[in-house]
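Below is one structure, written out as structure tokens; the observations come after it.
The chains carry the letters A, B and C, assigned in the order they are written, with residues numbered from 1 in each.
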Amino acid sequence: MKLRLHNVRLPLAHFVLELDAEFTGQVAAIFGPSGAGKTSILDLIAGLRRAQSAQIELDGRALTDTGHDVFVPTRQRGVGYVPQEGALFPHLSVLHNLQYGAPRHPVGESKSQFGHVVEMLEIGELVNRRPQSLSGGEKQRVALARALLSSPRLLLLDEPLAALDQPLKLKIMPYLQRVRDEFRVPMIYVTHNANEVMALCDEVLVIDQGKQIRQGAPGDLFTASDEPQFVLKNGL
Amino acid sequence: MSAQEVQIVWFTARVAALSTVLILPLGIALAWLLARRDWRGKSVVETVVALPLVLPPVATGLLLLKLLGRRGPLGGFIYQHFGLDIVFTWRGVVVAAAVMSFPLLVRAARIAFQEVNPRLEQIASTLGAGFTRVFFTVTLPLAARGIVAGALLAFSRALGEFGATILVAGNIPGKTQTISLSIYTLVQLGHDVDALRLLSVSVGLAFLVVWGSELFYRRRDRA
Amino acid sequence: MRKALVGYLACGVLCSSVVLSIPAKEIDVPKQHGVAPAGELTVYAAASLSDVLQELSTEYAKQTGEKLVFNFSASSTLERQIEEGAPADVFFSADEEKMDSLERKGLLLAGTRHSLLSNSLVIVVPADASWQLTSAFDLTNAVIQRIAIAEPQSVPAGIYAKQYLSKLGLWNRLVSKCVPAENVRAALAAIESGNVDAGIVYKTDARISRTVSVAYEVPPAEGPKISYPVAVLKDSKAADAAKRLIHYLKSEAALQVFRKYGFLVGAGPQ
């Protein structure tokens, strides 16, 4: 991917979010504690929020440029979004949720893509169910599938595993890896969990209180420790 | 029940239904605006919408009478250009009922919209849906319950409207006499038994409306 | 949350006390209903008597110090209210029927009933109307789409109007054009507003209005027998004062005022 965030400035409740970063990997993590402004970054990329100033470019195409009065509406940005929870439309069946962003009358390639995504995320049995009857893990897989089926240029994931318990996290992670490896869709992955960063991402941006701290490869920034979690290296 | 009484009940039901249908589009649109947007003068709009709820019904009726009479700013225009009378006709009954029940619909619909998770609408737009599609496929279906509740409330209010109706439409038997106006006249004439009979029809209608709305909710719940 | 609630209530109390303490002139509206304090007489009177009785009550107060509290409405409404126990001392009706009904129910103080006045009907049109009417027959004209009268089933003015039109054989043709009003003054208001094309009210009502014009005056001999009786109510707690009032109303001084307003003195032709 080629995602550039220049001169981003967004006043938030307790601090001002300021960013100037580029993402070139396949899966980039935005890592930081809760309330650091991570979700706001995703909202800016998706065009769900407007910054005081920002230049956001994806694959050479300007999505936001406050200097030149450019703002591409969300629906035209081609970004998929998987939030932490509660993403599925409760009044639609799983099937209709999945079809929401997909072409109206799929032919040929898109038809097979549907089957492919459903198979890969193993949600075939769920298609006629209602979102309320699904488990947490099933919901997130459906949300992921739905976003994929809209053929996004970039996938934004906001702590998608945070609401799941540890065993479930371990169970769902392989699906995310599958999406990364088989679909090759660039992803921005927001989390405060270092293990997820290590398992999935090839670059990471560390932020805290709205300011970027470090950016680099996960292996450079994280280190194994006695505790079961990876931790940030000292000095960061 | 005599033929006359049947006519009165049927007339009242039709007028209330028509008035509810008429206020739905504007009511829903306004409720959405109030729930989702902010603008200078928003509180003025909120106050004006709430007026029929807060003012005595006859006060609202007086305002409508002045506005919609043949010499009124709006009524005069309509009379000149379309040859239509509103005051003292069934149209006046519909207008009075619509105005008095409008705030109830807006209130309920606004709350319904406020309870729709905006995240869902945002997700829908990331999936490529424009404003109209998001509204009709996500926002409205999710708010539907509350809106229907508001519509039923508005309908009940329209059924029982009296104060504004009697000023704007008069109490003309066979033309503008609703159940409540008829009960009023019967009491004035001392025909208490007839009045009580219409009263029980009123109560029956109320039960029907409430029971119908309960049915609606239970079916939605089971779905 | 509780603090906010307390604060809000405190504000409300403060504002109310501020508003209530603002000195304001009392609006000069005759008190409606309610129990009159001692030294006040409650008079339930037909709507068409509003103006003349207001003037008379000022005179009466000057002369006797007695204060009159009025309830003006359709005589039929007043009759119902009295039957349901409303606290009236004197009833001044626009037709005998209502008084008869009360008498049958034993609600009148014996010996106090007098038929005092009569009136005549007029056909009126809004002052700026472009059409002319020369008789009741002209009401059948297509130009006249709506005719305001008092409710013809119960209100005296409406009953009189119906009697008159029936006598002329016009009632069945005109009934679909009729817009019944709650009392004769409401009918008058409808005509004044221009929302109806014509109406039938008392001559005395037309006189006090500046925005209707009389198209045709029904000669008393051709019109219905209009009679305004007055009586003291049996349950009155101020029977003596009430009797004094009726005595005053029968006096030449009072009758002159009635004539001034256009009432005919003495009951109509029986």
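Simple rule for what comes next: a contact is a pair of C-beta atoms (placed from the backbone, for glycine too) under 8 Å apart; a residue touches a chain by one contact, two chains touch by 3 or more.
Keep in mind that this is a model prediction, so the values were computed, not measured.
The greatest centre-to-centre distance from subunit B, using averaged C-alpha positions, is reached by A. Compare each chain's C-alpha centroid with the centroid of every protein C-alpha atom shown, and the nearest one belongs to B. Centre-to-centre spacing of subunit B and subunit C amounts to 35 Å, using the average Cα coordinate of each chain.
Separating the CA-averaged centres of subunit A and subunit B is a span of 46 Å. A straight line joining the Cα centres of subunit A and subunit C is 78 Å long. By the touch criterion stated above, subunit C contacts subunit B in their complex at residues 74, 76-77, 80, 83, 145-146, 151, 153-154, 178-182, 190, 193-196. Here subunit B touches subunit C in the complex through residues 65, 69-71, 85, 87-88, 166, 170-173, 185, 187-190, going by the rule given at the top. Taken in their complex, subunit B has these residues touching subunit A: 117, 119-120, 122-130, 137-138, 141-142. Residues 46, 48, 73-75, 77, 79-81, 83, 86-87, 89-91, 100-101, 146-147, 150, 152, 156 of subunit A touch subunit B in their complex.
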